[in-house]
Amino acid sequence: MGSLYGENIKLTIFGQSHSPAIGMTLEGIPAGEEINTGTLQNFLNRRAPGNNEFSTPRKEDDVPEFISGFIDGHTCGVPLTAIIRNRDTRSGDYSELKNVPRPGHADYTGAIKYGGYQDYAGGGHFSGRLTAPLCVAGGICIQLLEKEGIRIISRIASIGSVEDKGPLEVSTSEKAFPVVDDECGQKMQALINETKEKGDSVGGTVQCAVLGLPVGLGDPMFGGMENRIAQIVFGIPAVKGLEFGKGFASTLLKGSENNDPFFADGGRIMTSGNNCGGILGGITNGMPLIFRVAVKPTPSISLPQQSADIRTGTSAILTVKGRHDPCIVPRAVPCVEAAAAIAVYDALLGRRKEITNGSAGLQENN
Amino acid sequence: MGSLYGENIKLTIFGQSHSPAIGMTLEGIPAGEEINTGTLQNFLNRRAPGNNEFSTPRKEDDVPEFISGFIDGHTCGVPLTAIIRNRDTRSGDYSELKNVPRPGHADYTGAIKYGGYQDYAGGGHFSGRLTAPLCVAGGICIQLLEKEGIRIISRIASIGSVEDKGPLEVSTSEKAFPVVDDECGQKMQALINETKEKGDSVGGTVQCAVLGLPVGLGDPMFGGMENRIAQIVFGIPAVKGLEFGKGFASTLLKGSENNDPFFADGGRIMTSGNNCGGILGGITNGMPLIFRVAVKPTPSISLPQQSADIRTGTSAILTVKGRHDPCIVPRAVPCVEAAAAIAVYDALLGRRKEITNGSAGLQENN
Amino acid sequence: MGSLYGENIKLTIFGQSHSPAIGMTLEGIPAGEEINTGTLQNFLNRRAPGNNEFSTPRKEDDVPEFISGFIDGHTCGVPLTAIIRNRDTRSGDYSELKNVPRPGHADYTGAIKYGGYQDYAGGGHFSGRLTAPLCVAGGICIQLLEKEGIRIISRIASIGSVEDKGPLEVSTSEKAFPVVDDECGQKMQALINETKEKGDSVGGTVQCAVLGLPVGLGDPMFGGMENRIAQIVFGIPAVKGLEFGKGFASTLLKGSENNDPFFADGGRIMTSGNNCGGILGGITNGMPLIFRVAVKPTPSISLPQQSADIRTGTSAILTVKGRHDPCIVPRAVPCVEAAAAIAVYDALLGRRKEITNGSAGLQENN
Amino acid sequence: MGSLYGENIKLTIFGQSHSPAIGMTLEGIPAGEEINTGTLQNFLNRRAPGNNEFSTPRKEDDVPEFISGFIDGHTCGVPLTAIIRNRDTRSGDYSELKNVPRPGHADYTGAIKYGGYQDYAGGGHFSGRLTAPLCVAGGICIQLLEKEGIRIISRIASIGSVEDKGPLEVSTSEKAFPVVDDECGQKMQALINETKEKGDSVGGTVQCAVLGLPVGLGDPMFGGMENRIAQIVFGIPAVKGLEFGKGFASTLLKGSENNDPFFADGGRIMTSGNNCGGILGGITNGMPLIFRVAVKPTPSISLPQQSADIRTGTSAILTVKGRHDPCIVPRAVPCVEAAAAIAVYDALLGRRKEITNGSAGLQENN
């Protein structure tokens, strides 16, 4: 039951790489929310294939059709469903993969899980193509969050061992290659091109920050912001690691170094560092929520690879055909933003239930 | 709604550090499962406070009382509830913290979230003490998994910059300091002692492996094994990072290096490396499921720290009283095992729903 | 969050009466299940409008398009999504209803709930048209249950005060007017026609039986078969009552009369009556699961009715235009079967999780 | 997974009739809500056994101990857990029932479901005793609703064929025998006594009304108020039927009779009848929410009954020992109120998520 996410909103993602359509249903968005479809399309275009030299040449216009929940530019309160037709499918490219799984892919695990009835074409439901409906849902949540003064920014933090420089403070979404330091970006692109020419692929990391958050989003224990973001971010194919704030590097610090001191700024409580990534006890503390995601190198490469035939149980050499990205990291950037937006919006709705007349008590910033 | 976990089992954790009791309810365990309470107690003792020189001197015997679901050593099919009484509470130690939050702790976020009605004593529901009921649930799941031939092992992988050596292949659970290489363990302990003497704290990482898994556990998208494990592991206080298999280091590899080649071994399909950590497309591939967790340095330190009074909005210097661990990592080890066991057992039950007479098709290893 | 149902399957229903399409997503159906689309269409046709003289003349062919989860006649394990395009929409008929709600309808409650942003055309998401995707999901579950030897039968038990005669023992699904006693059916049809001519409407009851159930489906407390069936059956528009077995009439009996005695038949345990409707403690006892549903008279009638303008707060006389059924009961029959099938199939999957090697114990008699 | 209820709050009920304790966890109640434990105890006493001549002589003081989530008379935002110790248990009374199930009880279905590992003593988790924690949760929700101006009243509507007279307009909770017309109450009590003397039992109906509701609670489809109330009310043992407003009797009316006309009263929209029981399209319309519940005669009677030995597969005569109510209806009254309060409070929290700055539009009563 993997394709359902959320506590206060319920997101369902459906479709396969080569099924008639892919899509999403988002239930729980209040009625009367305006959604700008042009802005949404701009966001989707950042993820769409065929946009730049590093992505698969598969062409899909990826224009969602809203078939439920959307009238005259506004939500009407009932489930919001959008579908995207799959057009440029070449299932023939994948026929070999039914029996000889691609290393690093879900071909083998899907075949066993689904007893041979899996949709192997193009990776089926496991395909990166399914991040398109994720971005539809996320693009909507981004618009809803912006009305609350919450913004999500992100960047490619590294490709292979080439790291971006400088802090992530402003959006990189207008850039064709979303980094803070364009010189670093040039080096990353050179690395991707070099790798592509060898028929190989390369991974990287994406950093994301959520700005303008109120204090108090998230819940203790399994409902912390880390848990909520993790549950959705690991749903993006190829993500194998996640850390918040200082993350793994915090283990090299002493408590006295890692703790972010509080201070009062005109009555408002802030921290003078942000090693905790804006989350304490699972709950937002009003500072930027920051996390970093590890994206493994695209498993689909054109070099011959060692595999095995799962029906005959014999070894086999596989050369993957089809069209693939030498580096999925640039296209993962909007997906990470989408995932963050969905998780944060879900937590924001949950927070509304808590604020009662009864709890007259303590409030943020006074 | 953070204290509820699971899809096929439902785990609820309740209680606060200084409430009358803490406990857990686990629904969905089939009837007739034998649970050895002695084995469970041994597991709980690995986490219990006061056991060694690095942990808080707070003494709790941590013996769970089963008040529901358990008869004559077996589950009876209905919700399994166990409670642990809190005995050695010294709430007075915490009175200052109501207004002046400890840096790195949930004191501030809890105060705002709960409008001043939070239980601040001992960290309330955010306390590491709440990992005791997590370990009750996890210790039960470990026993249930062992009947299916699935074992969970783990170790301290690093303390500060001191790393354990050698691969994690056998259990370290019998050791007082759970590392593979005891010489490394000595260095880690020296570092902890040295840090303790300075009134400071230190973090580290825990590595965990799940052995003997069938192929096919987990679901695509948000129900992947990564997502499931992440959602529970980030519920352990102080966890700020998580990676599967090669994780962040995979971003430094090429696809041709990172992909784990398949081979057939007497008809069984295996991989010749395990960079993917036993998970492809969110689904177990039959190889060991491996992950690593970053545990930040304990935020409670005895050094004076900069904080602020959240009622007056003025700065304040805080010296934390109370009893605290200079390094939480050793006690986090069984918690990580518990979390993994709960996530895996939940996925295992989910897998049972899929195996039908209808799906005559392909099976693992034949 | 009303449009999501299920514990082991997750059913989402989306769309409005006059939106571009309506549809459903069903997650959790195992891979490799064959679905006969012809059989499914026959089932859908029983609910479709325009089939007989009592139903709305709105014409919709109601052929679902499977856009996810379905390949070569089999499920492939991922979310199963089907959509049905809305074609014969006449939104103009409904413009008056935006401000003057139809008595007995959701027009008013929807307007307030959704703050004026509701889709009022044709009842929006509240329309009986949304039972089409319910029947898609139910028709699929019926096929899956039949493979397990479980069959669902039903009938019109009454229209107004005209009751069907004889016990419900065989399917009435082949009949144009699904009753056991056709003479009673003639009287019912006469009553409907007579009511229709007056511009009025009439209600009735539907009885449903699930045959061939194993012992042990359902859970105690809120997961009983009654609870599960109730949660879905009250989702069919116009349903205002539900009873299991003897239901309300059992309150007129003594315990000695109402208790169904057990007896052993060649080792198999059965009951000699079925006042409990096949459910004891929420759990199936192996006898037919029987329930009865009250369907109120269709609220849309062509007689002028007293209403009020919700914007001006003044009284108004409403004459409902549009096309409506004088009696919704015949079309509710397949909907009730669909609802029962979904609830039972969900419980059946849940039962699979319980049957373990460990629970060697007692089994249902074989 | 039956013992978990709710969407915006999560209620878990645990324990068995003769386990060390029974209890409940309620997650999702905002922090800072005052709970008057004296008022709660008064409510619990209405349900407690041993209070009058019709109920089982089993004596339990039924005083809940709050072990989590409750400090200084207020909720603190984390899971609220209360336990009640079982004291007056006489498990020996039930030993025969392990193999020879009581007709009308869950003994047989529980035995098969749990493979012989069920807790048969006193009905285990299926016991009416488990309504005590339900009433703890419900009693809390009643207090929370009252702060919002929402009140729940109910009465015994019938015992056997003796009906209460007059409309349910004020609370009957102060009465020892909760009916509107005390003369009818006398006849009901005479019938119960007469039945008790014969060693038999009798059923009845309970009517419940929720007053002071805002418009807009509940959701379409499976989240309607009918669905929500049904899912919890059928969790009360012995409930076999449920109807809202006119319910089954509405099927005897024409649409023109059954539709409740709207009218405007000083700008406020109301209905001039309430056949719909205050619910249209699953959503509250601001009129009283009214429903009626059928409670079957207590299955435990002292008359000898026909049963069967489920291990030997032979017939057997059973004479039930133990202590039982000749009529459970009076004690069901507070349970029905509790169930209604939990369902309504859950829906009320859900409604908070919908009311946004964005939805500037239409509001109730202006």
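As written, the chain order gives the labels A, B, C and D, with residue 1 at the start of each chain.
One rule holds for everything that comes next: a residue touches a chain if its C-beta (ideal position, glycine included) is under 8 Å from a C-beta of that chain, and two chains touch if they have at least 3 such contacts.
This is a predicted model, so every value here is computed, not measured.
Visitor: So, comparing C-alpha centroids, which chain is the farthest one from subunit D?
Guide: Result for the farthest chain: A.
Visitor: Select, from A-D and B-D, the pair of chains that is joined by more C-beta pairs in contact.
Guide: Between B-D and A-D, contacts are more numerous in B-D.
Visitor: With centres defined as the mean C-alpha position, give me the subunit B-subunit D separation in Å.
Guide: It comes to 38 Å between the two C-alpha centres.
Visitor: Would you mind pulling out the distance in Å between where the CA atoms of subunit C average out and where those of subunit D do?
Guide: Chain centroid spacing, subunit C to subunit D, equals 25 Å.
Visitor: Compute the distance, rounded to whole Å, between the mean C-alpha positions of subunit A and subunit D.
Guide: Centres of subunit A and subunit D (C-alpha means) sit 44 Å apart.
Visitor: Mind pulling the subunit C residues that touch 2 or more other chains?
Guide: Only 1, 3-4, 13, 28, 31-32, 77-78, 110, 113-117, 125, 220, 350, 354, 359-361 qualify.
Visitor: Considering only the defined contacts, which subunit A positions touch subunit D in the complex?
Guide: Within the complex, subunit A touches subunit D at residues 8, 28, 30-34, 77-78, 147, 220, 349-350, 352-361.
Visitor: Would you pull the subunit C residues touching subunit D in the complex into a rising list?
Guide: Spelled out, the residues of subunit C in touch with subunit D are 1-5, 7, 13, 101, 103-106, 108-117, 125-126, 130, 158, 160-161, 195, 200-205, 215-216, 218-224, 226-227, 230-232, 234-235, 237, 239-248, 250-264, 266-269, 271-272, 275-277, 280-285, 294-301, 303, 305-311, 313-315, 350, 354, 359-365.
Visitor: Name, in rising order, each residue of subunit D that touches subunit B in their complex.
Guide: Those in contact with subunit B are residues 1, 3-4, 10, 12-16, 19-23, 25, 27-28, 31-32, 65-69, 71, 74-81, 83, 110, 113-119, 124-125.
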